[in-house]
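Both complexes below contain chain A, partnered by chain B and then by chain C.
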Partner chain A sequence: MFVVKLVLKNALRHKLRTILTILGIAIAVAAFGFIRTIVTAWSAGVEASAENRMITRHAVSFIFTLPYSYRDQIAGIQGVEEVSYANWFGGNYKDASDWKNFFPRVAVDPDTYFSLYPEYIVPADQLEAFKRERNSCIVGAKLAREQGFKLGDVIPIEGDIFPGKWEFTVRGIYEGKDKTADETQMFFHWNYLNERIKELQPGREGQIGWYVLKVSNATDMTRVARAVDGLYENSRARTKTETEKEFQQSFVSMSSSIITSLKAASYLIIGIILLVLANTIVMAARERMREYAVLKTIGFKKSHIIGLIGGESMMIAIIGGAIGLALTFPAAGALAAAFPTFFPIVNVEPMTIVFASAIALLAGIVAALFPASRAVRMKIADGLRSLG
Partner chain B sequence: MATSNGRAMIEVKNVTKSYHRDSIEIPVLRDLSIQVPEGEFLALMGPSGSGKTTLLNLIAGIDRPDRGEVLVGGTDIGTMGESDLAKWRSSHVGFIFQFYNLLPVLTAFENVELPLLLTRLSKGERKARVDLALKLVGLAERMSHYPKQLSGGQEQRVAIARAIVTDPTVLVADEPTGDLDKVSAGEIMELLERLNKEFGKTIVMVTHDPRAASKAHKVMNLDKGELV
Partner chain C sequence: MKIPLSYSWRSLWTRRLTTTLTLFGIALVVFVFATVLMLAHGIEVALIETGSDDNAIVLRRAANSEIVSQIDRDAANIMKTLPEVALRPDGKPIASAESFVIINLSKKESNDMGNISVRGISPQALEMRPQVKITEGRMFTFGTREIILGDNLPKRFQGCEIGQQIQFGEASWTIVGHFIAQGSAFESEIWGDVEQFMPAFGRPVFSSMTVRLTSPAAFDAFKARVEQDPRTQMAEAKRERQYYREQSELMAAFIRILGLLVTFIFSIGAVIGAVITMFAAVANRTVEIGTLRALGFRRRAVLGAFLIESILLSLIGGVLGVGLAALMSFVQISTVNFGTFSELAFGFALSPSIIVSSLVFAVAMGILGGFSPAVRAARLNILAALREA
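Presenting the complex of A and B:
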């Protein structure tokens, strides 16, 4: 109890220094948590991937399309339970230079797509209304909130990959089954896209961006992938079939250098936390060497001295870490608000909290090691001579 | 005026002690032997570097001799392990330093209570002892004051209260008046004298001050690590 009391009193001895150290740790922990949150937000699609879904795309690149005629052939492969398809539409909504106006627009098969993505929950009446109307669309709840979209609204899009002026009527708003589901997308009829492209750019019709396969047995995926790709090995449009997770991972990999840099920055921050705290604790311990010598003279043991130095270090680290963690949440919220569709899923993951807490605690321990060791090894006679 | 009963409380036998600065050996005490009877008030004098404080540290068990024996109350403290020695110090020795060495973040009461925290005394028992010690040194009214709110003489009296609160057998004082004005120094010496006479404490005091030394029963002079 005495050690705890003295730790508290010692920590408040140089209030400004302690406060600045706590702030330094808090900012560093918040930065660490924020960067980790960005990295996890970047990989959110990978984490949200279903275990029983596969994607078939063009073997060369995602930007090349596949013939619509593949659909029935793929559906016929043993182990494939259901097939759907989609096209990346692109286009611009309002001012394209504003990030807030970016959101994924995807042309899908209205009859099968939502069956393959049960994590997107659409009210039955809205799904029926969507299926009935060829130029209708379904938007995610988060996107609807961000852009103020309501049922019946018309969303005008200026096409780029598929030129022309496009208008889609909102007939449904889907909710995510859980927080990992992306609620920032807009889905509309592939048939509507196909028909208009046939008129506007004859020859581009009948093309699919990617097929989505639901397989009956997740352990069968390697065989299914080989079977699908084997079918088109000698065709003009060869395919690459992979799990949805691998497919999503390939997008993340495109940004691997950014993610690596972010991770490196987070490790650098760990070093900064340690230096900030170690500097304070070393200074504090050096100033108090004579006091430690007095305590040892009176009969206090090494464990008491370690408790005093380690306790102060841990206390500062814990308070700084807790404030830093608390700051991580509004920082992540600000990120989500600033880039709602670029980072559709921003959550401070439990592992981020665990890591950030562990780093703060570890910094508390490591920062105390050297001064505690010095104080414990110090001869009392030398300590009494030292200037306090 | 001596109150000693003749039985040796402290025996320093053929003690040699050197310090090392880098590779240079600096001899401090050379084959020194002294005896301090129980209840004695001994003053150690001598020029700087003569080995007074080193001898005091050896008697107090905060340093060890290179050769020879240091017995306090019949216990050879030179052979004790560090942990046992710390425990022994806490119950047998009271320390009074030149610069008081109070912990600035603790009140006078808390500073005096420090040595008792290592005992099994209850909070109530500790309080009773601290109250008594502070009353004895005349600072019962200042127990909630922090060191910076006290004068030098008062700080030293708190330090003396801290030294006596465990009722140790030996008090060691390293220039207890060295940082005080004449009046305060006089008060401190009166207090030490009283502790010796009324409570029978054996006191070993290092001092440069002849007036302080005059209060002791016996004065020993050291020079270059030897008694002169």
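Presenting the complex of A and C:
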């Protein structure tokens, strides 16, 4: 009890220094949590992918399309429960140089797509209205909030991959089943795209960007992939079939060096926490060498001295870490608000919280090591002589 | 009278451990600050150097990158013959109608698939791009299924050596050479004959058209002509350099915003470290300061001495940080270019302005961290200070 009281009194002797140190640790821990959150937001698509879905795309790369005729052939493969398909539309909404106007625009099969993606919840009447109207679309709830889209609004898009002026009427707004679902996309009829492109650029009709396969049994996936790709081995458009997770992962790994540098930055932050805390503790211990000598003289053990120094270090680290963790949440919220569609899903993961707390605690221990060992090994006579 | 510089210098030396800790903190922050700027600058260098002021690139209207653009053969032929396009001595226009697609190759280190840009060029393309030099092997022969690879690819991808074949677009292509292009984005591309690529990829239209202008000033006339002719008005002309600058904007801005945010947070940590060190320095030397004042040094001189001590500390840290960052120029990394969705390799590029801003940043941290402790030192009462300890 005595040691605890002394630790508290010691920490308050230089109030400004202690407060600054706590502040420094809090900001660094918050930064750590923030960067980790960006890293997880980056790969959110991978986390959100379903266990029973596979993607079939052109083997050369994702910019090439597959013929529509593959649909029935793929559906006939044993183990494939349902097949849907989609095309990346691209295009520009308003001023494309402002990245807030970017959101994914995808042409899908209205009859099957939403049954393969049960995590996108569309009210039944809206889904019916969407299916009935050729040039209608369904937008994500988050996108609708950001851009102010309401049911009945017309969204004008200037095409690039599919040139021309396009207009889509909002007939539905989907919500994610949970926090991991992407609510920033816009879906419209593949048929509508196909018919218009047939008029504008004959020869480009009947093209599919990628097929989505629902597989009845997850253990079947390797076999299904081999069966599909084997079917088109010698055809004009060879395919590459992979699990949805692998498909998403391939997009994330394209920017893997950014993620690596972000991770490196988060490790450097640990260094900053240590430097700030170690600086304070080393300084405090040096000023108090004489007191430690007195404590030793009147019979306090080495463990008391270690407890004094380590306790102060841990206390500062824990308070700073707790404030930092509390700050992580508004920081992540600000990130989500600043890049609504660039980072569609921003959540502070439980692992991030665990890591951040562990780092603060570890820093508390490491920062005390050197000054504590110095104080323990110090000869009493030297300590009494020291001027601090 | 001023307090000599050696006083500040020796004071730092006396408290080596805390000085070193603070120094490393500042060096670390400056290192991160400088590398972030170098990274953003590296992307800009790689992409902007790709373009030339003498060239104009024509894309389909509303297409922000070659990957989504289409130019049909008739329009390309019309644009080639416009009077603003420079001619070769034999009277042929210097213009290249190009196709641009992406293929997948396996990375060397991880077996992951990477997206690679494949550019089909016309015979005049090399005249527009004098920065392209074959380093190994030879140039491909037009009319054959031969390709040359940018120098970055064999370093990072499997099966990219001369003599090897790459399969794509229902044909196999023989690698006959490697080329460099002054560190530009071309070094991350595969080049071949556009007339071979188009049928192989089943694409009847070009992606873009690049022409050499008779002079950079001819651009406006060229643009007006392209965009007014009803046969080519679905296209839009841009200066080549401008086009590549726009390609780099998103990526460079993203790295800058994120990186500087991180640096800002780091710098708060470093400033706090400096404040703590300097406050301790003041507290430890109360008697010393009292003595200085008693000797006749003015408050201003004491303030200056402590501020200089802090600036000295941060400047050394800054130099250390920039020095470490300079080592990063040997590192090359690659990332996805959001404009074309393909890999772009680039280096950390150091520039004089980055060195200057890093050092200014370091000194600013020193002043910020040292100011209030220095004020406290200057405000000390002589008698009280001398009586201390």
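Quick note on the criterion: the second predicted complex is superposed on the first by the 387 of 388 C-alpha atoms of A that agree within 3 Å, B and C clash if a C-alpha of one lies under 4 Å from a C-alpha of the other, contacts with A are read in each partner's own complex, and residues count from 1 in each chain.
Just so it is clear, contacts are C-beta pairs under 8 Å (C-beta built on N, C-alpha and C of every residue); 3 or more make two chains touch, one makes a residue touch a chain.
Note that the structure is predicted; figures quoted are calculated from it, not measured.
Asker: After the superposition on A, what does A:G299 contact: first (chain B), second (chain C), both or neither?
Answerer: In the superposed model, A:G299 contacts chain B only, not chain C.
Asker: Should A:K379 be classified as contacting the first partner (chain B), the second (chain C), both, or neither?
Answerer: First partner only, chain B.
Asker: Looking at the overlay, does A:R13 come into contact with chain B only (first), chain C only (second), both, or neither?
Answerer: The first partner, chain B, only.
Asker: Using the touch definition from the top, say if A:L275 reaches chain B (first), chain C (second), both or neither.
Answerer: In the superposed model, A:L275 contacts chain C only, not chain B.
Asker: Quick check for you: in the superposed arrangement, does A:E158 touch first (chain B), second (chain C), both or neither?
Answerer: So A:E158 only meets chain C here.
Asker: Contact-wise, after the overlay, does A:E291 reach chain B, chain C, both or neither (first, second, both, neither)?
Answerer: first
Asker: Does chain A have more residues touched by chain B or by chain C?
Answerer: Looking at chain B versus chain C, the one contacting more residues of chain A is C.
Asker: Under the contact definition given at the top, report the residues of chain A touching chain B in one complex and chain C in the other.
Answerer: None.
Asker: What residues on chain B touch chain A, complex-wise?
Answerer: For this pair, the touching residues of chain B are 53-54, 57, 60, 62-63, 83, 86-87, 89-91, 95, 97, 101, 103-106, 114-115, 117-118, 162.
Asker: Which residues of chain A touch chain B in their complex?
Answerer: Touch residues, chain A against chain B: 2, 6, 9-10, 12-13, 290-291, 294-301, 379-381, 384.
Asker: Quick one: in the complex, what on chain A touches chain C?
Answerer: Residues 14, 16-17, 20-21, 23-24, 27-28, 30-31, 34-35, 38, 59-64, 90-92, 96-97, 99, 158-161, 163, 203, 236, 250, 253-258, 261-262, 265, 268-269, 271-273, 275-276, 278-280, 282-283, 287, 387-388.
Asker: Can you tell me which positions in chain C touch chain A when the two form their complex?
Answerer: Listed in rising order, the residues are 17-18, 21-22, 24-25, 28-29, 32, 39, 60-64, 67-70, 101-104, 110, 112-115, 168-170, 201-202, 204, 234, 246, 249-250, 255, 258, 262, 265-266, 268-270, 272-273, 275-277, 279-280, 284, 333-336, 341, 343, 389.
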